[in-house]
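In what follows, chain A forms one complex with chain B and a second complex with chain C.
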Partner chain A sequence: MFKKIMSQASNSSSEPTVKHGVEIVSTPSFSERLQSLIPWRRRTSAVPFSSGSQALLFILPGLIIYVVFVLFPIIGTIRYSFMEWTGFTEPEWIGLDNYRELMDDEDFIKAIQNNFFFSIFYTIIPILIGLFLVSLMSRSRLKGMFIFRAGLFVPQVMSPVVVGIIWRWLFDYSGPINRALSITGLQGVFESVGLLRRVTPWLGDFTYAPYAVGMVGTWVEYGLCMVLFLAGIQSISEELYDAAIVFGANPLQQFWFVTLPGLRQHVLVAFVLTFIAALRVFDLVFVLTRQGGPGRETIVTSILVYKNTFNLHRAGYGAAMAVVLATIIVVISAGVFWLQSRDSENA
Partner chain B sequence: MKKLSLLLVVALLVATMGTTTAQDEEITLVVWDNFTREAEQEMIEELNAMFEEMNPNVTIQREAYDTSDLTQLAPRALSEDNGPDVIMVNQGFSGMGALVEAGLLLPLNDYADQYGWWDRYAEGLHARNSFSEDGTEFGTGNLYSVSNTAEVVGIYYHKSIFEELGLEVPTTWDEFVSALTTIQEGGYTPIVFGSLDGWPAIHTWGAIQHAYSDLATIDNFMYRAADGTFETEANVQAAETMLGWIENGYFSPGFEGMDYDNATYGAFIGFEGAMWLTGSWMTGSIVEDVEDAEATVGFFLLPSAAGEEVPLTIGGVGLGYGIRAGTEHADIAAAYIDLITGPEAANLLFAQGYLPAITPEEYESGTLTGDVIEAWELISSSNKVGHYLDWTAPDIAADIQEMMAGEVSPDEFTANVQEDYESGE
Partner chain C sequence: MLRYEQRMVLRKQFQAGLTYLILTIFLLVALLPFTGIVLTSFKERRELRDSPFSLPEEWKWDNYEDAWTGARFSTYFKSSVYVVVPVVVIAIILSTMSGFGFGMYKFRGDNILLFIIMLGLMVPFEAVIIPLWQLMGQLGIRDTYWALILPQVALSFSFGTFWMRANFKNIPTEIVDAAVVDGCSMWGVLWRILFPLSRPALVSLVVLLFMWTWNEFFLILVMASGDLRTLPVGLALLRGRYASDVPVMAAGSVMVLLPVLVIYVLFQRQFIRGMISGAVKS
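What follows is the complex of A and B.
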């Protein structure tokens, strides 16, 4: 009964629209009102372009940059992926050989698996943390809230190399994490149940390193999720919460039946952005575990692309890896956007 | 008036043309090297000034890059018409091999005859700077570079700790192994070691591997000879020995999480451990950072486990100087290489804490630097200089880490390296 009423309520409310995953808060009603308030502005916008060529002229600068720096390199990469090329000698056309080799390349398969493993830490956990933080922040009025919000967002704006160096130090064998463990006596407790070694080499141990690297990813990405959800939650009508309270919903139910459905679009956007980040991660791993160690435990695709292209002079093979990675990203993003558009049509 | 001025200009032009052809042509020699530290820069500038004095028409335009940048930039830079005339080249298939294959380096055999470079150091060392003309066979064919520095992987030790525990420098494998237990019982880490960066594992395991192996087997593997293989009894034994040392706690606790520059180095100079198995390139830093290091720190070679008198030891010559194939100033470039790899340079390099490829005129026996020079002299004159395995097996650090962590058995480890080795051909 309660659920039914709430869904009716939520249908009647104005849903925030998200276009192309970029506009987070869009308030069409407000801009419409603005347009009607400024007559001269409406007049100018009503004048159509006299010709298509004039429109082209405005697009041209951006188009040139896009073609030269984005489209052309992409096409080049695809072309080189069919070639045997050192990066500096004459490339030789070899058809699908690079792709055939990729299918049997254990390192590459391991790297793709690792990328998906890291996506748990880059995508799912940050979204959960983001939702949790937002539900805490938005429903309570604390003084100095903006400091919390800004502070929690800091990891997201830091350079990944800086993040990597900070965490390398934290994870160091004589670093703060190991010290804290031994000072608090937790070291002894964990050691006695066989969970930790005498000195835990977080980034060098086959068991802990993947989680340690993943955790840093979580630390970087949750801020983005939090800010996206904070923006989203503000466009959920306060009336919905009032209605929920009237029907006797506790905070958990308010979150589940009001906040979460209202944030669905934002969760999808957060998913796409963080998932892409998980698949193309390079710098963080490069700094934290020096090209994917120990062994190949934290190796990711971008590291392999780099190694093959620049260290082993196999630019063609590296290009093939990059194409496969890009294809995976495009397919998954397209799937999510399709879900999203279907979702907003239904709404 | 107009005519006169024109005449003057023409006369002036002819005059200047006359002077340039009368003297030697002005030449700018572009040199790329990897001496990036400040003190090294001064040393190279000094040598360059010496060269410019000897050849007044030559101006040297020098650019310094760290080794990894240099290696990555080399292929593209050498393809340019105005690229470096002289460049330091990294050894191995992905370094020199790729450049030779692309026809970017000039063979130096004739210059080596002319200047007598062959006699500078042992023949086996020139092989490291040699490739077949098509860049596919390593260690044979043409000479493509000449080195001025050398490296030897051995053991730095604190003399005070050895004295405290009543230890002498071990000369046999058994003495070395018993020293490990003595040091451990004395409360010190026997060997400081950190494998977080990957590559130090190549040197530590590689040193044990060399102790068990003979040069021919390792040469064949490195140069990809027909019977080159990694699946040898010695390699399996070396892996088992390493695992035993890990099990016994002979290495730093938590070594998997220790990096080289800070943690491992810190553990040695902080007297946490008695010995450090690493390359002679750390001598300069140790002399700088440890009080009276010349007297209190020593260097010795890991004894042979195969019972050889002179142990087979990882080492070699540092990056060599090569000449760009397309240069117009090959003769001048060769003259420059003659100076920069010659005896004057050796003395200056030694003063900077480097181990020069040719023995410097003056050094003191019994000091740290003396120990290092004598160790190098011994192995290079006895043809006992081994190899850095990653020249041929670029991914071997990851394989060694997997073996050390028990992810794979010693047999699987050698099989994995062999598999990568074969697929890389």
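What follows is the complex of A and C.
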């Protein structure tokens, strides 16, 4: 897989070197061989594009900061995940014990389950909403589109803490949502059909809290999906639809055979963005349900890492959780990246 | 019976109308909570019984004053600025340089090095926080702004390198060739010729890094205490009488949102394009 990433990257990077012309030394093996046959060419290379040491001079300042503040800490976390450690006493090597414990830890399993449960609301529902609506929409460019694009994107740029505070207020027992339900009489309707038992403190209710938190995720992410798909659908050639109509495709078939394949890349991007957001979610839950309540109904992995490390003084165990979470995220990102590169190779 | 062309025109118009309707509904859903919080931030507590979208009886800045001085948002605001500005400036300089290194040169192991740097795009702060905490103690910069700045510079460097590398690869190399032939050093090529040419990519990068750093929560929550806290953390950890004061919380929320929203409105094109294409590539 990595080989594929590399080869793709190097393919794209060899493009500009073609433009350099003969004077400039570049590393593709063919030209290298060529240069070894014609020694005078090497002498005339005025531009040091292939000088690794000079490239490193440009990269090094940032790289040092990156290595010190990201790479070493990653390695440190992996090391601590094999240790029993309170955070201030002497750490003790315990091998894989932390990971073994994780597999039977009900809190951790619940947290991972919640992450995946929330991903339904963060990922699947926004993508479905986006696809459904975009398929209804006009494919031609309409006036004023930039207003919608900009507006739909606003939840994406808002601080999750503020999003959490806004929705905590909206979901409050005596908050706007419950008052709207009772004023419109919907509360009574829902109660009579058994959807609601009574006036609900949404985020404090064991049954409804996970759905309420999930709904906020949908609210944050659907605009992203719509904007992505709107951009995508306009890049699908109108001729494809004409052809489909000529062959007698109904709107559903047009969607299935033209729109969906045309949006493949965009769906993939929406998937990876929103799915990683669902796996990483921390601040929203931290504020919305005060670190995963009621009970552990809305707890997520990152909250559990935080609690274990800083409240329960089990830094080694928290590190193991963080390693599992990071591994899932890296594997999914790399997997989607691989799918994408395979896709563009076929295209 | 309508002629075929007329039917097509009607269909087009119907579809355009439907499009506007759908978009308007979802736009309202996206913006109404924000509108509600802005209106609430001007209300008194007793007015909370009214509809969240009713206008305040009197437009007063009292809640903003309470938040700014009473709930100490002025301190958090200052802290946010002290963290965000250095992070963005340092990260931009470092990632422009490394993006140039990766985009213009070809050297052994460059893809492996790039992949290692890209790990920073995927790894959450949770996975580095404990060693970071210790490191800050060893460096003697715990409880200073540097402990909040440097890790964010490092993570921004990941994305920035990636972003600027793509930018430099798209610049025609003839420009570089000509400059070098004229006796310009590569350092000069970067800052005097390519840097001004990279304005669009730089603007997007500045805007994205600003938003991410401004909204960063986890790192600040762990690393910062007291006056070092930035706005989002200060807001989330608000205690005492203001914590249950919805209008003051609303005013505080607006303060957290406003700088990002202003920049977003000014640069929304670059913003959306940046987020989407950044994601496509990463």
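What we mean here is this: the second predicted complex is superposed on the first by the 255 of 347 C-alpha atoms of A that agree within 3 Å, B and C clash if a C-alpha of one lies under 4 Å from a C-alpha of the other, contacts with A are read in each partner's own complex, and residues count from 1 in each chain.
Throughout what follows, a residue touches a chain if its C-beta (ideal position, glycine included) is under 8 Å from a C-beta of that chain, and two chains touch if they have at least 3 such contacts.
Owing to the predicted nature of the structure, the values given are computational and were not obtained by experimental measurement.
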| item | value |
| --- | --- |
| Chain B versus chain C as contact partner of A:Ala320, first or second or both or neither | neither |
| First (chain B), second (chain C), both or neither touched by A:Leu136 | second |
| Contacts of A:Ala277 with chain B and chain C, given as first, second, both or neither | neither |
| Contacts of A:Gly87 with chain B and chain C, given as first, second, both or neither | both |
| Which of chain B and chain C A:Tyr173 touches, first, second, both or neither | first |
| Partner chain(s) touched by A:Val213 [first = chain B, second = chain C, both, neither] | neither |
| Chain B versus chain C as contact partner of A:Pro201, first or second or both or neither | first |
| First (chain B), second (chain C), both or neither touched by A:Val258 | neither |
| Chain A residues touched - chain C or chain B, whichever exceeds | C |
| Partner chain in contact with A:Val287 - chain B first, chain C second, else both or neither | second |
| Intersection of the chain A residues that touch chain B with those that touch chain C | 87, 310 |
| Residues of chain A that touch chain C when the two form their complex | 2, 5-6, 9-10, 12-17, 19-21, 23-24, 26-27, 46-52, 54-59, 61-63, 65-66, 68-77, 80, 87, 133, 136-138, 140, 142, 146-162, 164-167, 169-170, 176, 179, 219, 222-223, 226-228, 231, 265, 269, 272-273, 276, 280, 282-283, 286-287, 302, 305-306, 309-310, 315, 318-319, 322-323, 325-326, 329-330, 333, 337, 340 |
| Chain A-touching residues of chain C, taken from the complex the two chains share | 12, 15-16, 18-20, 22-24, 26-27, 29-31, 33-34, 36-37, 40, 51-52, 94-95, 97-98, 100-102, 104-117, 119-124, 126-132, 134-135, 150-151, 153-155, 157-158, 160-161, 169, 172-174, 176-177, 180-181, 186, 190, 211, 214-215, 217-218, 221-222, 231-233, 235-236, 246, 249-250, 253, 256-257, 260-261, 264-265, 268-269, 271-272, 275-276, 279-280, 282 |
| Contact set on chain B toward chain A in their complex | 72, 75-76, 79, 94, 98, 101-102, 104, 195-198, 253-259, 263, 394-395, 397-399, 401-402, 405, 407 |
| Partner chain B, residues of chain A touching it in the complex | 86-89, 107, 168, 171-174, 197-206, 289-296, 299, 310-313 |
